[in-house]
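Each of the next two complexes has chain A plus one more chain, namely chain B in the first and chain C in the second.
Take a look at the complex of A and B:
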C-alpha cells in the first residue's frame, strides 16, 4: 500500500514520526511510536528482511547509547544496582532507554519513504516540495548508493574474514578494531564509485537542461484521494499525540 | 566523424610528487561517420582513458593533462562544457556502478531523456526503440535493474545511451565479466546496430572475436599503430596478449614458414586449416590408467541446496567430491550458482540443506577464520578489497591472521611478491596501483596464505593474456605442489589449458562433472549452460580429428598441427 502513495505523503509520514520522536519524552509514548512505524512498514508491504537489516545496522549504536547514558548519569537519581565502582541509576537507565527508542523510532520513520520510493520518484517528490533539483538528485543518489555501499561493506567484511580475520571471538574492542580495515576499503571503493558516478551522470546529460531546456520526467507524480486520506488522518493523529505530549 | 590529431595523455604519478607518467603519446587517427574503430592494448595502455578523452570527460573529470586535438563532428570536445555531448556521444563504461542507478529498466533509460528535456509523451517510443536496438525485449521495461543478468545490464547501459540518439557510441570493454553466451548476444546486437544505423562506434576491448566481427579498423594502443580489419593478424601476431588462435598459429608459422596461416579467431582458424591435409594420427589418445589408490578427499558436498529468497533455488541438490590435488574449473552462465557454491567452501554461506566437508570436517561447524586456514578464497572484483598502506602490509594481513611464524611470514611474502612480479611495488600503497596490479596484489595476498585449497572467483577478468599467463603459472605451480584448486571462470581457453576436471552449473544444478575433453564435448549441456568450447576443441571438432582434443593447451594444439602439416 505504501508503494502506491505519493512520495510526498510518505515524506510527510516520516516528518511526523521524526518530529514526535524528538518532542516525546515518555517511554511508553516513544515505544508506541516505534511500534507504529513498524506497523506502517509491515502493512505497507516492506519486507521483514529490510526491517531486520535495519535493526542489525542499529544494534551497535543502540548498545552504545544504552551503556553510555547510565555511565554518564551515575550521580543522578536512585541507584538501582552497583558493580565495582559503577553506579547504575534509574535516571541513567531510563535516559539511555529514551534515547535508544528515539533513535529507533526516527530510523524506522526515515525508512518509510526511503525503502519504498524509487530514486526518480523521490527526486520528483523532493523537487515538488520546493527543493532545488540538484539537491534533490544529491539526496536521491545518496539514498541509492547508501544501499550499494552497505552491500559493499558486507562483501569487504566477508573478504577480510576469508583472509583469516576471525570475528566470531573477542570482545567489543576487537570487533571495533576489526572494522578499521573494512572501513578503509569501503572508503577507497566509495571514492572510485563517486568518480565513476560523476562520469556516468555527465555522459547522460546531467546538468545539460540548465542551459538549454527544462528537465522532464517520464512519470510525473500527483496526489490522489488515498493520499489525502492518509495525510489528513496522520496529521490528526500526530496533532492528538502532540497535545498529549505537551499536557 | 572523429578526428584525433597528435593526442598525448599524461597523468600525475601516484608515487612520486610532481612527476607525470605518459599513458599514450602522439596518437593520430580518424573514424569516418558510420565506421567502427576497435581499440586493443594490454592492461594499463590507456583504453579507458582514451574512451573518456574522446567523450570529453577526461581529463576534466579525472586527473591528467592532454596535448593535441579531438574533434567530434567538427566540435572540439575538450573545449565544450562537460556533459554537452550527451546527445552526440553515448558512453558505456566498463564499470556500470556509476551508470545504472535507477529502480527499473524504464526509469534507467528515461533518466537521460529527462536531462535532455524530451517531452514525456515522446519518451515511451524512444525507450522501446532503444531497447530493441540494444537487443532487449519490451518485457523487461518494468523489471528492476538489479534483477538483470550481467549481459543484460551491459545492453541496458547501451540502450540508455542509444535512447539519446547519439551519433557516436563509445564502449569501454563491454565484454568484461560476461559469460560466452552473453558475449555472443552482445556481439550480435552490435552487428545489428551497425547494419541498421549509421552510428559511429568506438569499441575498446581485447576480444578479437568481437572486434573482427564489428570493427572496420583497429588501433593498437601500446604502439599507436592503426590497421584495417584485414591486416589485424599481422599486427596481433607479435602481441601475446590477445588471441588464442593467433598465439597457436604464430607458433605454427614460426616453425613452418611455408604455411601462411593468419588466424585471429576460431572461425578463421577452422576455415584456413580445413584446406590443409592433416596426416597425423586422428585417433583419440589412450588415457593413462587411473591410480588405484583412493585419494584423500579435499572437498565433499552432499545434497547441497541454497536459496537467497526462500523461493528460487540458487543451488539445488549438488553432490560432488574433489580429491586433494585436483584442479577443477567451474563454468556456467552469469547467475548459474557458481559463486553461491564457492561461498559455502569458506563458510560465507551455510547449507540450508545438505553438507559441505572441507578436508574431512563439516564446514558448518567451523568459523570462517578456521576455514580460511584451509581455503584461500579470491572474491570477484578482489582488486577493490585492498586497504593497507603498503603492498607488503596487505600481503602480511592474511598469513598474520593465520599465525605464521616470523620466518615463514617473511618467506611467504617475499615468495608471493616475486611470483607476481611485484617486488618493486612492495612498499608503495596498493590503492594507487593500476587495475591489473591491484588485482595481482589481491591474488598475491591470498597466495601468501599458503592454504591447501584455493577457490578463485573469476580471477582473470579484465586481465590481458600476459597477466593471465602469470596467474596461470602460479596456479600450475600450486597444483604441481599438490594444491587443490577450484577456479570459477568464463575464460574457456584458460580452463581447458589448466584444469583436469570441469564442473558446469546451470540454474543452480550441477549438470556436467567430467574431464575437460568430455565436458566440452557435451554439446547440449554446454548450450543449456551458455558455455562455449575452447579454441582447441572447436578446431579439433571442425577438423574431425579427435587426437587434437587430447591436449587442449595452445602448445599442444600447435605441436599437433606441426606434426600433421606434412
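Take a look at the complex of A and C:
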C-alpha cells in the first residue's frame, strides 16, 4: 500500500514519526511510536527481510547505548544493580532505554520512504517540495555514478592485490597509507569521467536556459485522493499525540 | 572559474566528486554508532582541489546519501550533511586563504578533523535521536581514528596533483 502513495506523503509520514521521537519523553509513548512505525511498514508491504536487516544493524548500537548510558549516570537515582565499583541506577537504565527507543523509532520512521521509494523518485519528490533543478540533477548524477566509481575502486584494488598488495596487515593508519596509490588512480579516473560527462551534459543543452524555461518530465508524480486521506489522518493522529505529549 | 551549478563542467565535477565521497563512504569497520570509512579522504581531496563550495556539497551530500542507503544509519543523514558539509567548506576556505601552502594544508586538515570529531560529538549529545550523551562519548574515539585515516586525503591530493597536472586547471 505504501508503494502506491506519492513520495511526498511517505516523506511526511517520516517527518511526523521522527518529530514525535524527538519531542516524546515517556517510555510507553516512544515504544508505541516504534510499534507504529513497524505497523506502517508491515501493512505497507515492506518485506520482513528489510526490517530484520535494520534490526541487525541497530543491535550493537542499541546495546551500546543501553549499557553506556547507565554508566554515565551512576550518581543519580536509586541503585538497582551493583557490581564492584559500578552502580546502575533506575534513572540511568530508564534514560538509556529512552535514547535507545528514540533512535529505533527514528531509524524505522526513516525506513518508511527509503525502503519503498527508488532514490530518483525521492529526488523528484524533493524537487516538487522546492529543491532546485540543478541540485536534483547533481544528486541524481552522484547516485548514478557512485556505483560506477565503487566498481572501479574494487577493480583497482583487486588489480593491486594480484600484484601482491596487502591491506590486511598493520594498523588502520598504515592500511590507509597503503590505500593511497589506489585512491589516486580512482580519483584520476573519476576526473576523466567528469570531463566526458560535462561534454555529454553540454551537448544536451544543460545550463542554456538557466532555469528560465519550464522543464517537463516523462513520468511525473502527483498526489491522488488516497494521499490526501493518509496526509490528513496522519497529521491529525500526530497532532493528537503532540497534545498528549505536551500535557 | 566561478562556482555555478548551471555550468555543465562544474555540475559534472561536483556530481562525480559527490559520487566519489558516496562510494568511498562504505562501511569498512562498523563502530558501535556508525562506521569508519575512507569518505573523508575524498572530502579532503575535493575541498583542497576544487575549493570550499565543491567541498561542502560533495562532503555533505555524499556522506548523507551514504547514510541514507546504508540500511540502519539513515537517520544520521542530516548530521552527516551538516558536519561533513562544514568540514569540506572550512577545509577549502582555509587552504585557499593560505594560498595552497604546506602549512595551509596541515592546518586545514587539522581543523577539518576537529570539526568532524566535535560536530558529531555535539550533534549526538544534543539531539536525542542520534544516541544522546552515551552515543556521543562512545563515538569520539572512532571518529578520531576516522579523521586520522581521512587525513591521508592530503597525501592523495599531492599525489594526484603530481600524476595529473591538469587538476590545477580544473578548479573553480
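Here, the second predicted complex is superposed on the first by the 163 of 247 C-alpha atoms of A that agree within 3 Å, B and C clash if a C-alpha of one lies under 4 Å from a C-alpha of the other, contacts with A are read in each partner's own complex, and residues count from 1 in each chain.
The rule is simple: a residue touches a chain if its C-beta (ideal position, glycine included) is under 8 Å from a C-beta of that chain, and two chains touch if they have at least 3 such contacts.
From a predicted model like this one, the values you see are computed outputs, not experimental measurements.
Legend: residue contacts after superposition of the two complexes on their common chain; A:166 is shown touching chain B, with no touch to chain C. Of the two partner chains placed by superposition, only chain C is touched by A:111; chain B is not. In the superposed model, A:75 makes contact with neither chain B nor chain C. When both complexes are overlaid on chain A, the residue A:155 reaches chain B alone and has no touch with chain C.
Once the two complexes are laid over each other on the shared chain, residue contacts for A:216 go to chain B alone; chain C is not touched.
Partner contacting the larger number of chain A residues, of chain B and chain C: C. In the superposition on chain A, contact is made by A:120 with chain B only, not with chain C.
In the superposition on chain A, contact of A:226 is made with neither chain B nor chain C.
Of the two partner chains placed around the shared chain by superposition, neither chain B nor chain C is touched by A:235. When the two complexes are laid over each other on chain A, chain A has residues 119, 141, 144-145, 148, 181, 184, 188, 193-195, 197-198, 201-202, 206-207, 211 in contact with both chain B and chain C.
By the touch criterion stated above, chain A contacts chain C in their complex at residues 18, 21-22, 50, 53-54, 56-58, 60-61, 64-65, 68-69, 71-72, 95-96, 98-99, 102-103, 105-107, 109-111, 114, 119, 132, 134-135, 137-139, 141-150, 153, 172-173, 175-177, 179-181, 183-184, 186-188, 190-191, 193-195, 197-198, 201-202, 206-207, 210-211. Against chain A, the residues of chain B that register as touching in their complex are 52, 55, 57, 61-62, 81-84, 86-87, 89-91, 93, 95, 97-99, 101-104, 106-107, 110-120, 123-124, 127, 160-161, 164, 346, 348, 367-370, 372-373, 375, 377, 379, 382, 384-388, 397-398, 401-402, 431, 445-446, 449. By the touch rule above, chain A contacts chain B in their complex via residues 118-120, 141, 144-145, 148, 152, 155-156, 158-169, 181-182, 184-185, 188-189, 192-209, 211-220. Chain C contributes residues 5-9, 11-20, 22-24, 26, 29-30, 32-33, 36, 38, 41-42, 45, 57, 61-62, 65, 68-75, 77, 127-135, 137-138, 145, 148-150, 152, 155-156, 159-160, 163-164, 166-167, 170 to its touches with chain A in the complex.
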